[in-house]
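To keep things simple, chains are lettered A, B, C, D, E and F as they appear, and every chain counts its residues starting from 1.
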Amino acid sequence: MLDKTFIKEKLKEFLLEDIGYKDLTTDNIENHKSIHATIIAKEDLILAGIDFAVEIFRLLDNDTKILFQAKEGTLIKKGENILTLQADSKAILKGERTALNILQRLSGIATNTKRYVEKIKDTKTKLLDTRKTTPGFRAFEKYAVTVGGGYNHRFALYDMVMIKDNHIKLIGNIEDAVNQIKNRVSPMTKIEIEVSNLDQLKQALKTDVDIIMLDNMSLEEIKKAVKITKQKKPLEVSGNINLDNIRDIALTGVDFISSGSIIHASRWVDISLRL
Amino acid sequence: MLDKTFIKEKLKEFLLEDIGYKDLTTDNIENHKSIHATIIAKEDLILAGIDFAVEIFRLLDNDTKILFQAKEGTLIKKGENILTLQADSKAILKGERTALNILQRLSGIATNTKRYVEKIKDTKTKLLDTRKTTPGFRAFEKYAVTVGGGYNHRFALYDMVMIKDNHIKLIGNIEDAVNQIKNRVSPMTKIEIEVSNLDQLKQALKTDVDIIMLDNMSLEEIKKAVKITKQKKPLEVSGNINLDNIRDIALTGVDFISSGSIIHASRWVDISLRL
Amino acid sequence: MLDKTFIKEKLKEFLLEDIGYKDLTTDNIENHKSIHATIIAKEDLILAGIDFAVEIFRLLDNDTKILFQAKEGTLIKKGENILTLQADSKAILKGERTALNILQRLSGIATNTKRYVEKIKDTKTKLLDTRKTTPGFRAFEKYAVTVGGGYNHRFALYDMVMIKDNHIKLIGNIEDAVNQIKNRVSPMTKIEIEVSNLDQLKQALKTDVDIIMLDNMSLEEIKKAVKITKQKKPLEVSGNINLDNIRDIALTGVDFISSGSIIHASRWVDISLRL
Amino acid sequence: MLDKTFIKEKLKEFLLEDIGYKDLTTDNIENHKSIHATIIAKEDLILAGIDFAVEIFRLLDNDTKILFQAKEGTLIKKGENILTLQADSKAILKGERTALNILQRLSGIATNTKRYVEKIKDTKTKLLDTRKTTPGFRAFEKYAVTVGGGYNHRFALYDMVMIKDNHIKLIGNIEDAVNQIKNRVSPMTKIEIEVSNLDQLKQALKTDVDIIMLDNMSLEEIKKAVKITKQKKPLEVSGNINLDNIRDIALTGVDFISSGSIIHASRWVDISLRL
Amino acid sequence: MLDKTFIKEKLKEFLLEDIGYKDLTTDNIENHKSIHATIIAKEDLILAGIDFAVEIFRLLDNDTKILFQAKEGTLIKKGENILTLQADSKAILKGERTALNILQRLSGIATNTKRYVEKIKDTKTKLLDTRKTTPGFRAFEKYAVTVGGGYNHRFALYDMVMIKDNHIKLIGNIEDAVNQIKNRVSPMTKIEIEVSNLDQLKQALKTDVDIIMLDNMSLEEIKKAVKITKQKKPLEVSGNINLDNIRDIALTGVDFISSGSIIHASRWVDISLRL
Amino acid sequence: MLDKTFIKEKLKEFLLEDIGYKDLTTDNIENHKSIHATIIAKEDLILAGIDFAVEIFRLLDNDTKILFQAKEGTLIKKGENILTLQADSKAILKGERTALNILQRLSGIATNTKRYVEKIKDTKTKLLDTRKTTPGFRAFEKYAVTVGGGYNHRFALYDMVMIKDNHIKLIGNIEDAVNQIKNRVSPMTKIEIEVSNLDQLKQALKTDVDIIMLDNMSLEEIKKAVKITKQKKPLEVSGNINLDNIRDIALTGVDFISSGSIIHASRWVDISLRL
């Protein structure tokens, strides 16, 4: 789970985006104490974000009671209950949209990720996300990937080194790029380098990097890369991953497959709230 | 366009999410002054967010120069140039991902919205978005809808009244709901009410609301609703809008069709940056 | 009422403005648990802001108990009790000034507004406020207007269109101004236009605006404007409204009278706290 | 002058309160580069806040040029020019209300303060403000007092000790109150004590306080207090100061007269902007 | 004690610095409810910051119970217990480092300050800190000085006037410097002037300053300064104070000795947490 | 270098801590344009933080010119110039203390770190810092370590896994601890485990951790640990490192030595500013 202090600050920010100084509808009608509300799946989905939804209502009404809560990461069938709570009508009506926006987006990502993970679950390959996330919402989206069975790649520019083609161009060659950064960065930080052909791969294998990313290579090239590498370094495949090709790539024996689309091409799943 | 002060604060927040205290890769290599970089469409798209991308690089390097900038809202063909700029290599490498995340998401929404708008462009019906947006990113996503030819529904709970079924339930009936809120809210605020059947529509027509939303009605019901309403009030249709049914609905003569999916079901378009 | 999340963030900011890192007097003496304190009206007033005062003390002492609380919006006579609470002496002494500043300012506005509203209560005209508010404190001041029986005009530049003379000048004429903005703005947003003579009024009546503001017109002109308009559009009168002329203006039959001075010319009412 | 870093953060906050994500009117029309605008006094006033107004426009348009700027603290006659500037039409129209709100409020305070100061300018008595200020706007309001010729009392609870009747009650007596706090507070901090009768004054004179405040005493009592004190400690008079009694009080020879109403009973002066 | 609202905002900021969006270790293992933890002194120390440590754990777990808490400001012997609490294992493991960082730093300052204070406890001289503090952490460090028996000099540039040699240079001479500032600043603000030789001292004595600082003078000069001053003004000695010379300086009869090193040369004391 | 956006936000926060709404001394005297100021070393030191000092003055005066700037990380001898700049007197006087506080603290850390690094520079061992940093100031302090030739250990709880004895206790044993976390954490994140005896070391060697920390072991134990490990995993030594024992520990052949005291036991170096 994400950290609670962090989550609360973000959820408050999200509520203020939607409510501002006043909900002109709900804050202009009478409040009703202790109303029941139920959140229901309107299609099959892998549930992600349930604790955030609960926290949304708690922020709006301290005394919110949870009567039923489905388990994060499980399959919820169409029509099944996700959450039943009891709270002020004000809290329910004002928090509804923000809670659903989070649940629909995150469960959408978890559901989508799961589909990819299923394809490769009997292989040694791990599915990774990328930094292609909605600005301001990254921690949530990356969390949803783990709920769906995927793993997180680096969270941000500050927690791992990734030497991309543009970095190599600026420095001149792979060896210098690795050495220069290795010499300055924390030894506790992993260093990955992106290579786009087998020549670059061979150069990278001579350096002290931790991981090598094969960028946009064909299946044939990937197979050759695996052979060349002989497991001396973990290999990551990136670029145009889809449900049709992911299994074949995994079967080449690469360690990681990373895909931006498990997050950014996920569609929201349908979830609604009833009083 | 969105307000510049607002935009700058948000973009700074987005940069800090991705960079934090340091980009461990780029901040550990030499900076190169005045590098050229080009952003290119890798598929056909309606461009949205170009000014935000420019501002991202300006925030990282005051002296960023724009050598070419495509026009917001226009069709950019696969392979065409979107932006050419000259800036510090640090600024380009550190801003690349955030700038692309914004451009890919917003152009994706504009491109998707355009498809819907094209279907109804010869009708009087306007396409509207909803509050189903990514938390923290709403202003950007709603802006992209307008770039694609759509219109914004209310921005948030603070700028319009929308009386939904749950509000009606709490108050008891449509007439009281409208009167109670009308009596408290600013006369400068529009009031819309959601009805789910023709009986409710008839009750709503007797009140002083500004707009009536037909929620999840069939095409047949919508047609009847238009007849009953006789243009006394603007009508909005909402619920399960897609590219197949939008034109038929528009041809019934309703004033507005609102769709959450023009935002939340948009996929990112493919855009990349080259040094 | 205003939204609670919003209110708490603002009240915390106000407390930090006055207390900073330490109250050098109160934080240097012994705390006494469960002290009683009473807030009393020292002149007749319409009470506004009582919930904010309570929240101030709650922020400083979670366990604050309210023993008596007068009703928001009612007339409190000189010498009458407004609030009796029980809390840590620290909370009472540190929150006193901020709580009173809010109560005195807001009750002053409500009391002043009420005087204007009384003059026109038997007419159909509604009294509106303006955006002439103290920077950073708008939501509170506009809320106090509603407590005093007035209505809010637009809250800010983001929730309504108001085309003023300067906008018209830049665009060239009234028709183009309305059309240009109408074409871009959300159909859920009301559009008002400001006219300063009857010619402009006639032009405005030909457009699709929602409301027309008669800016600084004489009583005679206003009467003519009402005749010309024939209730085709709601009319708002603005400029130099006072207790002497408000009734005559209302009797012309205009829909709205807006006045900045109900907020900015209000004086604080006298309220004090006793242990 | 106030500190520039502080000012900029506050002004940005004020602009965001009024503009939010977008000015629906101005941001929906064409921008015009380098428009001239003039701010004019519509009644006689003492000018305060001119630098803040300029900064508002600079924040909205970096390239704002100042063609004329009246001098802070001087008398501006009705009809006279306060500021002429050249900037983007967007900056002028979006900043207008916030700039005027600040100028009208602060010049109102300076003008009001000046009236009080004039009454006592040939005496040794200094006029002080209090902490009765609009929440969130204190630094600006207190600054305006100094522009009008008054002096600031403590800014907040963190920069001076003021032992009020409630503090004395909690501790038991004046001597203990002074000693207890004296023993803990920075020796660089002045300590003032509030007394409400001559007995308390005599006790206070035996302590090591820096200033004594005579709270709500009659003119006769004040005269006696001055005699008793024999200039051993500076005396401050507080409570119900007005233009009629301020001179008589000053002539008793007290060092300071403090008045909340120079701030909170100031009315805004009339100032407008023309393109 | 420092103000609680202020403290909570700062401690939240400190926790976010260390935890960010997630503690990758603790947030990836099972939480255990109601674990006991003990904080123990690993060397003799004067305890400072215990309430902040408690608040850290409360922020992470509302239900934290305190089973034992040593008294702020007392001597804790090596091996003695400082705090025993019961809380979620998550709260303990995630708050441990931040709580200890605060306790070790503040107790280090209190312990160091105490050593200086002991040297002069039988004199009339008070030991003061300076503004040489860690950026962002000043309120805490200055608080620790008072726990160790020292007093605070001014907190910041906003709560006292200190005319230093550079200010005098810019204005021209001591008399003008004092008069110019005296004329503008609040009469509730103390004014101190820094002098570096006896001539300057004599000039300063003719002005209306509240305190005179003898900057970097020799013991002989200080003695002469005391004679010249004849207690007409409080004197502060500053510059190169250490445990060897502080007593001799105090014995000259000066009122204050200020030392930056009681804060910035303090080393952390050793404290650890055990489950 | 640290990221510029991050740095600017932090430096603004530091300036506001010291200046608040106004510098009562400097903001009450005349500003002088284009004054020269020089920052000088008053003892030998390794310079760290020079870019932050420059940025401080730039934030206060956009037009600050740098006439001389010593090189970060170099030895500056007593009396030598560190920085000569030209700026408004206001900027210099108001920024002086904050700039010096940063320079003195960071150069102190760099100077101290260098001493440790010198002792082991001919070995393969790298010196690491820890998370024992001043709350709110970590990025700066850790940066200074790298300037002094040390390396950073993990920055925070969010960028690396460190399984400490308390984590092991909660889970039960080393193997389960590693497996449980390994299964959830990003494969891009290094995992380190803390062992306190050779038995634990042997267990740790059987797991898939990236680094093993020998916690508080004697030199003899460390030697045995190196033998047992046979370079299968990098070893880090932690606990009570000082200038006397660091070389002997390094000569055992361990990969890393981590020390909190290179940061928290650093004393400030003496640096001053002259006009």
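Side notes on the structure shown:
Assume a contact is a pair of C-beta atoms (placed from the backbone, for glycine too) under 8 Å apart; a residue touches a chain by one contact, two chains touch by 3 or more.
Quantities reported herein were computed from a predicted structural model and do not represent experimental measurements.
The set of chains in contact with chain C as well as chain D comprises B, E.
Common neighbours of chain A and chain D under the contact rule above are B, C, E, F.
Chain centres here are C-alpha means, and the one lying farthest from chain A is D. Taking only C-alpha atoms, you rotate chain D by 120 degrees to land it on chain F; that is to the nearest 5.
Centre to centre, using the average C-alpha position, chain E and chain F are separated by 23 Å. Measuring from the averaged C-alpha position of chain B to that of chain F gives a distance of 44 Å. Separating the CA-averaged centres of chain D and chain E is a span of 32 Å.
Annotation: 52 Å between the Cα-based centres of chain C and chain F.
Of all residues in chain D, those touching 2 or more other chains are 19-23, 94, 155, 158-160, 184, 186, 189, listed in ascending order. Chain contacts in this assembly follow no simple pattern; the graph is neither a line, a ring, a star nor complete. According to the touch criterion at the top of this document, the contacting chain pairs are A-B, A-C, A-E, A-F, B-C, B-D, B-F, C-D, C-E, D-E, D-F, E-F. Contact residues on chain C toward chain A in their complex (touch as defined above): 1-6, 9, 139, 155.
Taken in their complex, chain C has these residues touching chain B: 126, 128, 146, 151-155, 158-160, 184, 186-190, 192, 211, 234, 255-256.
The touching residues of chain B, when paired with chain A in their complex, are 10, 13-14, 17-26, 28-30, 32, 35, 89, 92-94, 96-98, 100-102, 104-105, 131-138, 140, 156-164, 166-167, 169-171, 177, 180-181, 184-186, 189, 260-261, 264-265, 267-268, 275. Of all the residues in chain C, the ones that touch chain E in their complex are 12, 15-16, 19-23, 27, 59-60, 94.
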